[in-house]
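Next come two complexes built around chain A: one with chain B, the other with chain C.
Up next, the complex of A and B:
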């Protein structure tokens, strides 16, 4: 599979289809996997592929310095590809200018990450190339199975849930790694960086941390594709996945929408329907 | 309300300029009495009512928040309330997950002609919040700074 990946990338670079390939690499065998930017055909041997390839490389397609390399090819796993689709829907990328190299994936991490258990996109969709073949069948998860983790959490009384978040969020140091790594956080100026007026307390106290994490989660409502990069990037080990899952669940239950899954469906935020339910409104 | 020992909740009402604000105004001109626990904040449209404002109200010591605007189909800006409604559906789930008391966040449609409804809604919310007591849980979060 790795050979196939390297050959594909070499060909793309040689015939000038793309000027750079964004992929995974390992500087030396004992190093962790890092994102690599290959611009010369002879460098494709730097590319790596194994179950330690966590990063969602789609994020780099939004960066000016990366775009200035020329036409790009990007390596994506199935979950990363969902982010690509949302960005395309939100007019953030020009899909015709990007070559997408899908990497069939059986899950990443040892043990496997939580997101991989209910994965139903082992083989990336809408890719220009699909490298390899996934051995794991796509999970045919029902809504209940997909959000089992969240439902177990929601079964606790509200006071306990609040106590959990107080404990977790008290560790947040407001490094904003969750934002920096998120492929959906592309605002030129983030609302927390606006200081006239300060709408979200910038202090790394519980008050500021609650305000920030509510904001972060809600700005991703109906957009988060569940790549869990925020949870992975968090130096304090806060499980942001739960917050993202809760909004994904609300989107699926109320609007039958899973972001980045169906190219035919339009994003739910920024649109409305006269039929939206309102039994909670007086 | 002469009893000074009764808990007086602080209720923040974010209302739209075109319907609910006028509804509250009508309640006033009709001399309809409603609890003075509500602090009205007028915004252009429910579509403008950012969820951060709800969080902010709790940060600053609110015991309940009401968000109110024009009935569906009546929005001055055609669709602001439809957009808002969709966001609230999602936002309520997030509150639930965080363990923030959803019984303290109220939504309503009150038109400019519904002074009576404004009176009822505010009275109900005040009574309900009085039963729930002060929202100390969120206040504690903000005090530990």
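Up next, the complex of A and C:
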């Protein structure tokens, strides 16, 4: 699979289809897997593919430091590809200008990350190339299965849930790693960076932290694709996945919508219709 | 001759300090799932009982002890509008004595570095008061991981800088105790037993890069063309700075309503776009590579030029907490490889 990946990337660079490939790689064999930006065909041997390929590389399609490289190819896992679709729907990327290399994936992490347990996109869709073959069948996850973790949490009394969030969010230092890794966080000025006047307290106090995380969650409603990068990136180990699952469940239950899954469906927050049943929108 | 203390007595001491009204902070499991499915997440945090204290079974906490002398959020003073008058109320300075137990040497050494910053111009009364109230009991490191690089920046697993007491493990249950300051002696007075047994100094990680080569690279100019390539994967969050024991930048903001509020200082980080944004809209560090360059220059050139030592103790938290495995070490290794 790795050979196929390297050959594909070499060809894309050699024939000038792209100027850079965003992929996973080890700059030297003893290094951990990191995002790499391959610009020369002879460097494709740096590319790696294993269960340590965590990062959602789609984020880099929004970074000017990477866009400056020229036309790009990007390696995506099935879950990452969902972000690509949302960005396309939200007119943040020109899909025709990006070469998408899908990597069939059996899950990442040792043990597997939580998101991998209910994964039904082991093989990336809408990709220009799909490399490899997933050995894990896509989980025919029902709504109940997909949100089992959330439902277990929601079954607890409200006081207990509030105590949980107070304890967890008290550790937030507002490093904004959750925002920076998120492919859906592309506001030119994040609301927490608005300081004339201040919209959201910049203090990493319990109040300021609730304000940040609730706002962040609402901005992701119907948009978050569940790549769980925020949860992985959090240096305080806050399980933001729980908040995101809650939003995803609301979107699925009320609108029969899973973000980044169906290219035919318009985004529930971003789309406008004359037939909307809410009068205030019409 | 040496002084020894066993783990049970150490725990008893922690409980005694707590019952005497001191605040005690140390490594504990914060019960959060580790996102990479690894071990429990250990952070320095205030303890309510000795039982919560974790001294082994992990490399180092994912945060730093700077929080206890330089909190992430601190009120500087209050303000109240009274008609056309403005009334200022000074913030109360802390008065409670505190102990940091089980600090790592790379954390304790950072306190000396912070001392210099918070006293070179204005003597920061909040920082200094907390520092006076704090006794640091450090635990020498028996183990290291691939992120640790203390020995590459002139530190090591038994570095005594910044510590009031250094504990060196003899086995899983006993520690050799070295009281390094009067504060340390006072805290542990009568708690240890004399012995002829001495701990063997644990080994640190191998030296991972050549500091002199780095100095040459940095002295070679601010506009070196390598920076964008070296730093391209940085996503611009503050995880490195906020978990770094030596990073100390802060932002001062007013929080309140039309009738009054407080002037507070919050941690800030040089990797944020907003860090250098001018009111005009101009940003002298508009590119992530410029912000990364600043971080490395500050740690290995600007601070050393001013204060004579590095602004880095090699704890490795910047890489350990980086979502894309960057931080100081990979950057310096890349620079060294370019030489």
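Assume the second predicted complex is superposed on the first by the 269 of 282 C-alpha atoms of A that agree within 3 Å, B and C clash if a C-alpha of one lies under 4 Å from a C-alpha of the other, contacts with A are read in each partner's own complex, and residues count from 1 in each chain.
Quick note on the criterion: contacts are C-beta pairs under 8 Å (C-beta built on N, C-alpha and C of every residue); 3 or more make two chains touch, one makes a residue touch a chain.
Remember, it's a predicted structure, so these values are computed and weren't measured experimentally.
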item: Contacts of A:203 with chain B and chain C, given as first, second, both or neither; value: both
item: Touched partner set for A:38, first chain B, second chain C, both or neither; value: neither
item: Partner chain in contact with A:113 - chain B first, chain C second, else both or neither; value: second
item: Which superposed partner A:87 touches (first chain B, second chain C, both, neither); value: neither
item: Which superposed partner A:243 touches (first chain B, second chain C, both, neither); value: first
item: Chain B versus chain C as contact partner of A:162, first or second or both or neither; value: first
item: Which of chain B and chain C A:274 touches, first, second, both or neither; value: first
item: Common interface positions of chain A, toward chain B and toward chain C; value: 201, 203, 205, 208
item: Chain B residues within the chain A interface of the complex; value: 50-52, 55-56, 59, 72-73, 79, 82-83, 85-94, 96-101, 106-109, 121, 137, 141-142, 144-145
item: Contact footprint of chain A on chain C as seen in their complex; value: 30, 32-37, 41, 43, 62-63, 72-73, 146, 228, 231-239, 241-243, 251, 253, 255, 264, 266-267, 269, 272-274, 287-289, 321, 323-326, 330, 334
item: Touch list for chain A against partner chain C, complex; value: 27, 31-37, 54-55, 59-60, 63-66, 68, 109-114, 168, 171, 173-177, 179-181, 193, 195, 198, 201-205, 208, 228-229, 231-239
item: Chain B partner contacts - residues on chain A that touch it in the complex; value: 150, 153-154, 158-166, 191, 199-201, 203, 205-208, 210-211, 214-215, 217-218, 221-222, 242-243, 246-247, 249-251, 254-255, 268-274, 276-278, 280-282
